[in-house]
Amino acid sequence: MNIKRLEGLLKKVKSGRASIDETLAQLKSLPFEDLGYARIDHHRSLRKGFPEVIWGEGKTSGQILSIMKELKSKDQNILITRLDAKKARAVQKAFPTCRYSPQSKVLTYPTHPVRTEGRGTILVITAGTTDIPVAEEAAVTAEFMGNRVETLYDVGVAGIHRLLSERKRLEAARVLIVVAGMEGALPSVVGGLIDRPVIAVPTSVGYGTSFGGITALLAMLNSCASGVAVVNIDNGFGAGYMASLMNRL
Amino acid sequence: MNIKRLEGLLKKVKSGRASIDETLAQLKSLPFEDLGYARIDHHRSLRKGFPEVIWGEGKTSGQILSIMKELKSKDQNILITRLDAKKARAVQKAFPTCRYSPQSKVLTYPTHPVRTEGRGTILVITAGTTDIPVAEEAAVTAEFMGNRVETLYDVGVAGIHRLLSERKRLEAARVLIVVAGMEGALPSVVGGLIDRPVIAVPTSVGYGTSFGGITALLAMLNSCASGVAVVNIDNGFGAGYMASLMNRL
Amino acid sequence: MNIKRLEGLLKKVKSGRASIDETLAQLKSLPFEDLGYARIDHHRSLRKGFPEVIWGEGKTSGQILSIMKELKSKDQNILITRLDAKKARAVQKAFPTCRYSPQSKVLTYPTHPVRTEGRGTILVITAGTTDIPVAEEAAVTAEFMGNRVETLYDVGVAGIHRLLSERKRLEAARVLIVVAGMEGALPSVVGGLIDRPVIAVPTSVGYGTSFGGITALLAMLNSCASGVAVVNIDNGFGAGYMASLMNRL
Amino acid sequence: MNIKRLEGLLKKVKSGRASIDETLAQLKSLPFEDLGYARIDHHRSLRKGFPEVIWGEGKTSGQILSIMKELKSKDQNILITRLDAKKARAVQKAFPTCRYSPQSKVLTYPTHPVRTEGRGTILVITAGTTDIPVAEEAAVTAEFMGNRVETLYDVGVAGIHRLLSERKRLEAARVLIVVAGMEGALPSVVGGLIDRPVIAVPTSVGYGTSFGGITALLAMLNSCASGVAVVNIDNGFGAGYMASLMNRL
Amino acid sequence: MNIKRLEGLLKKVKSGRASIDETLAQLKSLPFEDLGYARIDHHRSLRKGFPEVIWGEGKTSGQILSIMKELKSKDQNILITRLDAKKARAVQKAFPTCRYSPQSKVLTYPTHPVRTEGRGTILVITAGTTDIPVAEEAAVTAEFMGNRVETLYDVGVAGIHRLLSERKRLEAARVLIVVAGMEGALPSVVGGLIDRPVIAVPTSVGYGTSFGGITALLAMLNSCASGVAVVNIDNGFGAGYMASLMNRL
Amino acid sequence: MNIKRLEGLLKKVKSGRASIDETLAQLKSLPFEDLGYARIDHHRSLRKGFPEVIWGEGKTSGQILSIMKELKSKDQNILITRLDAKKARAVQKAFPTCRYSPQSKVLTYPTHPVRTEGRGTILVITAGTTDIPVAEEAAVTAEFMGNRVETLYDVGVAGIHRLLSERKRLEAARVLIVVAGMEGALPSVVGGLIDRPVIAVPTSVGYGTSFGGITALLAMLNSCASGVAVVNIDNGFGAGYMASLMNRL
Amino acid sequence: MNIKRLEGLLKKVKSGRASIDETLAQLKSLPFEDLGYARIDHHRSLRKGFPEVIWGEGKTSGQILSIMKELKSKDQNILITRLDAKKARAVQKAFPTCRYSPQSKVLTYPTHPVRTEGRGTILVITAGTTDIPVAEEAAVTAEFMGNRVETLYDVGVAGIHRLLSERKRLEAARVLIVVAGMEGALPSVVGGLIDRPVIAVPTSVGYGTSFGGITALLAMLNSCASGVAVVNIDNGFGAGYMASLMNRL
Amino acid sequence: MNIKRLEGLLKKVKSGRASIDETLAQLKSLPFEDLGYARIDHHRSLRKGFPEVIWGEGKTSGQILSIMKELKSKDQNILITRLDAKKARAVQKAFPTCRYSPQSKVLTYPTHPVRTEGRGTILVITAGTTDIPVAEEAAVTAEFMGNRVETLYDVGVAGIHRLLSERKRLEAARVLIVVAGMEGALPSVVGGLIDRPVIAVPTSVGYGTSFGGITALLAMLNSCASGVAVVNIDNGFGAGYMASLMNRL
């Protein structure tokens, strides 16, 4: 439509029905969206090979299914986060090739194969076993965005040798995601051991003054190790996405 | 420059040196700023008759003077907020027709006369006498933006008759700004008495659990009276600006 | 009773049984409530054409129905906010002409037709789709208070072109309500684009450090754009009411 | 027993079986509780005519019943706060003369008639109707502690005339309890109108930034009216108890 | 003027130029402030024998002196709180009979002798020696409002015997003010020992997590002893005022 | 295994099958855990006679059972905290010699008898009866870690004589754990009475501004008594563990 | 005096001048402090060999000197904390044998030699160099209370090998004090390495979201290592005192 | 040295002077740092070409100079952050080739030329002019760590066209650092426009409810744009360091 309008303007210029000055004035007053600006975004994920992401929380399975159908018609890979098991069953019924991870509450629907375009390995580390669901959200996201992902779980600082004994794996990673609740100390130790960017993910694991992850978040923001940046509490998806951007650099 | 580029494109179309399809492609990839979009903002204050605003805090008098010179050359009225007395003296030396209010720390520099374009009266009310500096910031701002402004000070809720005895003035205003610290209750009472929009301004007046204005802010956000909206703590300028927009409706 | 006492006083004056001075003294000492003062309020909504508002939360359907019956007898339009679906069904059974919006939890009961007295259009904007219920509360309120209302949903700042492509609608509005959760950035962008008052409504959409809307609220209070005032978290009703007052100016 | 021990010591002194120095040393090492100190507390409520108070929350009905039986055997009046309806039914089955108020969740069990020993009237005021359960907790407590209690509900500051029209009742009270949620402004207005002590009770009524009563609490602590003191959020019992102590002065 | 209007109305009634019904209608619509309502407040402190209170903080000595002159002309006793030493010197120069307490920063100016109208003794207690300035503010206020005041300092809970050894003085008081910083535990212990109302005053004494008195405030609001109400942090004046109201009951 | 590898290396050196330089290189590249470092941890609880601890929250009974089987095979005593009743039943079915305390939600499974190695008595004190579940968690933990444990419940500061009358038991303890919610004052009083280390445990008992234990926590951190250290809210286990370490000193 | 009174009572009993019943009544009514109870506290520090402690903050040098003179006359060792350099000079002038540490702001005045009564070594560890003043406060306190103290500074978790390389010293200590600001992770790592009680001291070192030590405090309270208890922010003295109590066990 | 010790052990094994068992025992007890572990850290900055970093705050110029001398002797480049002007002058006197930026308070001392090893350009963006000092800290850090750095200042969201008109520069960057105070919305908009990792830096610019940068921080953590991670408030250095690690990927 906009294209047609532009085409019309140009045809008038070409044919002499409109002067150059008139046309210039009209072009300047064209709202920029008429130039197809909005479409750039439209193609972003396709160009990058990234999946489209749907935040499952607060959407009905009906709403999710209709979004999926639309995206499928564009041959987009689809990643749904924070999708509870009940809705996931409804989605899997309609799209049987979906994979759903109940632990991380992530559903992936590949309409085409994922190509590994990340250059190195993303290593996802947790302090405890209760941090694993958040870590899995990060891992599934990063994998589905085309990365090799490894995991190293339950290596919290109260038993520091557990981490140190895996130093080689730490050093082999290109980007690290460190997931921890409670006192959130693990990213500081990891950041001190290696020279790669560390994405710290605070989790809501803990009780009392863990304040649903605030303590871990604050600790991570105040890390005495350089090379640590932080995402929102329990935001495994955000960490996986950020790590994917880094791993394509 | 952009205009020239556009002109060139059109000339090529006209002369047949470029096809319509080629030109369409180029037009779509033109960054929109090349269409002069950015200039709309440029003319906004002139069109509206609003002054240009400079936040005085954290700028040296040298920086402020050079911004003022540039704006003066465009015949803009200038309003500087949060300007301490020392910097104000430096500015007044260079621009002797400035007016400076030490209480509100606002400096106004009219390069052309202010036209009253606000339709009604803006009434600025305070709970106590220590709230007056913030109220004055609002009053000076609104006046300099072209409004009739009246003030009604020290009518806090602990002596409710002081407010009630001025009910006629409350009802005569088109927009009301209510400034209060401590428990911040005044906007609720005012909002319950009249049917005009009330802009509530919490101040940092108080001690202990007044928390530098947070208590007043929270009270205002939870007003049981409808028709109250809130700005940041001590933000007299913001209230004056918002009231000016309303008074032009 | 008070009326009778007043009447008695006047009769004594008339008949000469009381001097004017004596009567003056007595009148001055009369508590003002004896003068029927309280009734002024009673007529406020009728005069303005505003509906009576009932806060549905924490009231039983029985309580609500009895209030409605009383108001209906006075031919008042009625707006009930925060009414859950179960109570709404009970109300609709008794008053079949009610309209109930399950999304916004608002019930409207027009005992007489709503007259559009607002001068321009109120535009309600949301950052995301999960902000829509709060936006709908604002929209229904404003409409029922006699305004033309338009909506523009899901134009959050992470895809800024979505907003920019609707710039004409932004500029056509007389008052804007901007509803956003998470980082609450949308009102700043909108406030920077147009010269109309913006009412910002933070929502409790988000997780982790969104703190149930506090982050959005704080961001809105600290907007770098002038012309933005804020209401309580999820307070769509308050925004709709405030916008209605503005739109009658 | 302690008395016996003391008696024994003195007898030994008298009879010369123990030297004065030995006895002095023993007396100094006597734990003070052996002097009957602890018993003072034991008789406190009986002396004052106050009921014994049981905090119902977190106790099973079994536990409550066994405490009640023990207290009944001492002819104590009993007041149970925060008792849910289910437990109340169990208590009422065992003690049919109990009275239970489902709204305030208070159960009273008079083993003997309550004597009115408070000198004046305690007036309990609320800002809104949703504050009434907390107010009732205060009222029932004060009544059961031997006071005349009156109530004045739904006179919040957004319709200030509602309060002002009841000024005579305010002035007739000896002690006032003012209960309010949301912005918590009512105690300031009441405290400014009368010269009697005001006990302010913040309630958890509200949403968003009411923060479960914190906003009301902060507002009350920062009251610009003198003569206001504050109790914990929703602590109707505490206010009723405090008022009772005052009303016996 | 209002009086004249009223007089006119009555004259018309008397002369038969206005019917009683017409006059009634007009009287009902008279704004109450026209009835001289505001003057009631004007006489409050004179009637009660209370001093006028000036909040010294944020006022210049010039402003304070001019308020004092006005009040002196009405033969009012004057109490100034939060007055720093420098301003106090200026005031004492002009009014040599003033008394100034540098510790509590309170200045009292008796234009006429203070009459002791409080019925019993107000006892002011502190936990530590650093709490004394706040306690003195309370004590001076209560004394100047006509009460017998005693003090009991440095009897904090870490040496509980210090308090217990003064139990007789505790029991002799009619009203108690308990001032404490740090963990704010003293009011709970005092409230458990006696059957009189306790006004708890948190102070900003402490460091780290004392948060400028918030910890003490929270502890006092959560007192497990009944009969404790709380004022703002460091609000010795408020406690003294509240205690004075109680001691007149 | 590591030992075997090391042994192999040394044998090769000894037999001349490997040069010293080669062996040096291999030794340097050996991950340090291969040197048995990691095993120190492995044997820690056995050496000390401490049980292995499992945090029951967030683990399924299946997961818990499989951990228990593994630990049992190593003849470890097992302590499970925060285990709800339902999971406990499943565990007890599989390991009938378990003991489960529903109040403290602690399950203990002694694979071998607990030896009392703590030197003195650990005394666990509570302010109220609702603090008992947390106290029990501390008591069971300390007992299972080889200590004599005594308890003294419901001796809060509002009835200070209850505590004072037990002074002998306080003085007989080697380490004290003091558990309190609400205003959290008890550790200050206990710490002032005795010269032994006090571990303070805030509990989430209370309502309103008790903020789920934060008030108690803050009060304890600000204790005016020396010799008090604090653990997380409701962390009875942590207090019991800490006390056990102290009691072995 | 009390002793004399008691002696008098007993002599009367012995001589028959007073009956046993009379004497019993008098003994029971004796305030317990008359039994010398208060003196127990008086002798506490002497018995234990502990110094008397003065909190220097908020006291004038005059006040401090007069307290010191009184204590000196009782041959008490004196420890003054939070004493600024200026006051320290005044004290040192009067008591030249004082030692003052400007870094920790602690002044010690030994009126008699300190005897080492602590059984083992107290090790004071810091994460960074800016934490040292707080650590020194702890170290000086512990030393002056009769302990062998060692220090290990700047072994924060971002360079974990610095800590690990000192493992032998960690294991040699009987009690550990771990001082850290920023993310406060060090106590968790230390607590995981050794089986001795760890006292964690958060410091106000950091900026932004370190919130003056709150982040470190929260992290320490949420330590995933058992055997860690926490004192107030910057409370080196409290840690030193607590460690001293432990080291005497 | 360690190598020598190891070599010695092996020689003894080879020669038969030590048994394999004895040697095994010694090897196991070798502290791991003796294996050269600690040195890895020692060489880290040299290997990477990174400068050594000194946190200038809280160190005297004397301390700083002595650290610098030591580092210079190792031919390390040195970066000092948060160094005030006075200390900087002292440093520059001793090391005249230092460069000091008073705005960012960063001092750089190149002992050898910085090699550009970062692959692309790091773009540092600010919302306002008052955010520039923090941005400069980031820029200087990144440059000194071997990166091409560009800056784009004062493009905040209230004038969104300012940012959009620079879209090409945004897209040309490999890593972006976005610095903003107040409502902190800029990273969301930038993150939505480009597909590169964004490091968000909240600044303490603002007043009232900006809470010294907390509002901006929270907004950034809740960004609705993916690909954003956050560092501490005002932590320009941390952002520059993190970006450098990314730009070497």
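Before moving on, here are some points about what is shown:
We just call them A, B, C, D, E, F, G and H in the order they show up, numbering each chain from 1.
Assume a residue touches a chain if its C-beta (ideal position, glycine included) is under 8 Å from a C-beta of that chain, and two chains touch if they have at least 3 such contacts.
As the structure is a computational prediction, the values presented were derived from the model and not from experiment.
Among the remaining chains, those touching chain B and also chain D are C, E. Of the pairs listed in C-H, B-E or F-H, the one whose interface repeats that of B-D, with over half of its contact pairs matching by residue number, is C-H. Here the spacing of chain E and chain F, counted between their Cα centres, is 51 Å.
Rounded to whole angstrom units, the spacing between the C-alpha centres of chain A and chain F is 39. Looking at chain E, one finds that residues 32, 37, 159, 164, 208-210, 214, 217, 221-222, 226, 232-233 touch two or more other chains. Pairs of chains meeting the touch criterion are A-B, A-C, A-F, A-G, A-H, B-C, B-D, B-E, B-H, C-D, C-E, C-H, D-E, D-F, D-G, E-F, E-G, F-G, F-H, G-H. On chain A, the positions that touch chain C within their shared complex are 31-33, 37-38, 40-41, 55, 57-59, 202, 204, 212-214, 217, 232-235. The residues of chain B lying in touch with chain A in their complex are 3, 6-7, 10-11, 13-14, 16, 20, 23-24, 27-28, 30, 32, 35-37. Looking at the complex, you find that chain G touches chain A at residues 127-128, 156-160, 164, 182-185, 188-189, 191-193, 206, 208-211, 214-216, 218-226. Residues of chain G that touch chain F in their complex: 44, 48, 53, 119-120, 174-175, 195-197, 199, 217, 221-222, 226-233, 237-239, 241-242, 245-247, 249.
Across the complex, chain C meets chain A through its residues 129-130, 159, 161-162, 164-165, 167-168, 205, 207-210.
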